[in-house]
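I am attaching a structure below and will ask some questions about it afterwards.
Chains here go by letter, A, B, C and D, matching the order in which they are written, and residues are numbered from 1 within each.
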């Protein structure tokens, strides 16, 4: 099948590579060099211009935020064919997605939001978890395409629910990172070796993705790679809070998480990784994670 | 070896049973019937009175809080033999433990704090994680005894660090339960099936002990068994906050966790299970977890 | 001058009465009886229908939220005369106000947001504080009209800033009410007479509008009149949080205030007064304000 | 009457000066130069050594914390006369005060805690508010002495309640400073002149000691004098949280206030004034109060 893949960032690049094994993939990227390299290395073809993507029966967007998706829709909408399926793999905003779906529906174009989780390694190894919002029928079409990228593909509900559950689970992760950092810092101040504290946490009740996979490399080994930009994580947590606001909910821990992450964003360097919030936890205590 | 085991509650009862396979176990319990049943069923012997326990070279306490341990020390201290090892498996207060250790040291009695995690099922199956604070030598003596109760036995550091890391990891668990409940409630309000929301969480970044093991039975299946009393969990979180206070730390998420748990304790029935705080999350939103 | 006054609620009714002393006032209210009573008692005239209000060179709206203002604009906009001044005294949303101002500007109608503070007693006695957002020229026109209603009329800045500063100051009040209630409840639990605690607070550093004017009647005298609906106060605090969100700010105390107020709203009766959040403070502590 | 006054800091120096108008005042200070200057300028007499103070029938302590008071009691207790009245004007810890009162009672020495509020200017002008904990009889004795220092002298309750209400009201002030700073910073970001925002706040519902007296000089005029050390304010807020903890209360806003103040303390210079927390509010938003 012919697939247009728009957005060859850290996640999109390997996702498009896997798709090219089974499909005829047309790629487009804001900085053209990346698209050219993708074509050269992985047998895809570079779209002559963005609008050429409108010809494909399946369009996949993997962009920084829903704003860029929206702009892309603006540019393509006049050229789209009825029956096209638009899969938005961006970590986006459910409210924007619902509006986008409505706009596309008027052109008889189907839309599903299909954000992914599993990080770059998951995109590389095609082991992503993919959470899809859309009709049952559109979900099946999307799954048939995306099964090559992920090992767990879940139909979450109507359009927007994929994006919603993504930001909610990323917010849980954010809170868990922060809380675990607070408590491990206390353990450290009490003279407990940080590796021991992590081992106990992971053998017990406080175990989480944060304690098992995210924090050890940073706070125990002192390696702070850029895996996922704090600016993007903060965006997700902010969207989750917007959902809470719309629902007129009371979610004090989600709210505190956002306040602390946004404060961290304002204080860390521009390209900070999301786990570097643990450095702000230390700064608020006048200390650091150094041994 | 002769071991005195004091406190045959939900955790202590099966722990003493396993120890009796290798050791001569003397048991004592505030309500004598339980001790008698233990002796009858598991080949242990009931202490004639509490002070008889002072004759054993190893004493294990498994009591509700450090206060009860303290009272037990008061009653036994005049009768203890030099060289005795006192293992306190209670989920206790590190400050009290340090004082207790000093008092016992004056009688040449060694003390380790050895709280456990893994719940009743872990005690029954002897798969507990045991975190021990004390000298390296005392740790070795304690491990040699407790290896029959647990599969992971960790030397955390000096006296008190076992209790400290226990309350810190239980606090992480508390925060994670609350935060996950907030976000899953939002998912539910957005029309996402709660089982789907849990499945996505557990397949992705927000995964934790809370999302995998604690919440599903309650919020998805509507079963709210009493596994661990909220009053005890709240006690642990309060001790963690005391540690933060002593260190003059800034731990806003730990603080909020305590405030929300204590507020829940004041509003739920006396015998509420700790996961019932999720009901307060719903109450604060004017809703419930019912489908 | 001819003035159309739309919205004769607890605040609007007396405001329109004062304006009638100097102006020819046309009144309109959703429930017509109130408008008829106003005309009968205060020499105003009831608009035959809402659109008649469009003829007045000055239109004042005093409605529950910006939504009702928006609907009113929808109904009148085709009938408005160039040069008209629209004064919106509603406690509204600055973002909506800016949009409204733009829509009206296309009809050459000037718009100022002019929310008031001082409660019903301030409206009755014409001692309101009025905070106005709009151009310097429009501010002067509005002040010339509203001087009969208030003793302090402040030009805050551009359109929307009146509404913005109103919700921000109301949020400060909300936080102060909650925090003062927390601390006075602790004083009470410590055995300090609540009147003494209030007297000390008001003679010292913790003094505020909340401690001097709002809390004493309720927590000391047990009188909980409905002065300002919690639903309206919660709306203001929610708008303040939206502003924080738009600015990508980190305002943890404002965020916590909203979470606690929204949780209170979900737990108190529908017509609860805003100071009844103090009852939730007590509920969270398993107690009450009763002596 | 003969009065020993111990502690001639910014508050104690002028208090002892006023007392010397009616009484024979013996002064003692850790750095002797201050005591000598006091004697020279205000007709008091320097104690030959600390224990000489024990001869006075009235002893007043005005020290940084209850620890210094405790040490002073240690040094004097063997020399005290039955019937002596010890007035502790320190901003202290109610739990320590209760213990101190018990120790002194065994020597038939009466104790009242009598912290003051009103800042240095209040001490200079003898317009302090003084809140006294102790028996009715001891309160009367203390008031007869202190009436020369304050205009409002309130009997709060038993020993410790003076210190308790002091830290509670100072905590309210702390929360109000922080919350007002958050909201005024938002106003500033929205383009509202900071003086206008303050004027509106002070004319309306959000008015407090913080908005009227504490913030304007700093955030509007850019003057950040050292009036009250943040370290002392943080100590007060921490004592208030300890009281909450002892009462097993749920006070989320008080808790957040402490976390934010302690984090500020860890990030500001050692001699920071308490209102400099407003700089941390700005830092968390990546901005400053500069125009």
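In this text, contacts are C-beta pairs under 8 Å (C-beta built on N, C-alpha and C of every residue); 3 or more make two chains touch, one makes a residue touch a chain.
Model, not experiment: these values are computed from the prediction.
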item	value
Chain copies touching (subunit B, subunit C) - same or different residues, decided at half shared	same
Far-end chain from subunit D, centres as C-alpha averages	A
Distance between chain centroids, defined by C-alpha means - subunit A, subunit B (Å)	37
Whole-Å separation of chain centres (CA-atom averages), subunit B against subunit C	51
Separation of subunit B from subunit D, taking each centre as the mean of its C-alpha atoms, in whole Å	41
Touching two or more other chains - residue numbers and ranges from subunit D	249-252, 256, 260, 263, 266, 284-285
Residue ranges of subunit C touching subunit B (in the complex, touch as defined)	252, 263, 266-267, 283-286
Of all residues in subunit C, those that touch subunit D in their complex	94, 117-118, 129, 131, 152, 154-158, 160-161, 164-165, 168-173, 175-176, 178-180, 182-187, 189-193, 196-197, 199-201, 203-211, 240, 243-244, 247, 249-254, 256-257, 260, 284-285
Contacting residues of subunit C [partner subunit A, same complex]	238, 241-242, 245, 248-252, 255-256, 258-260, 262-263, 266
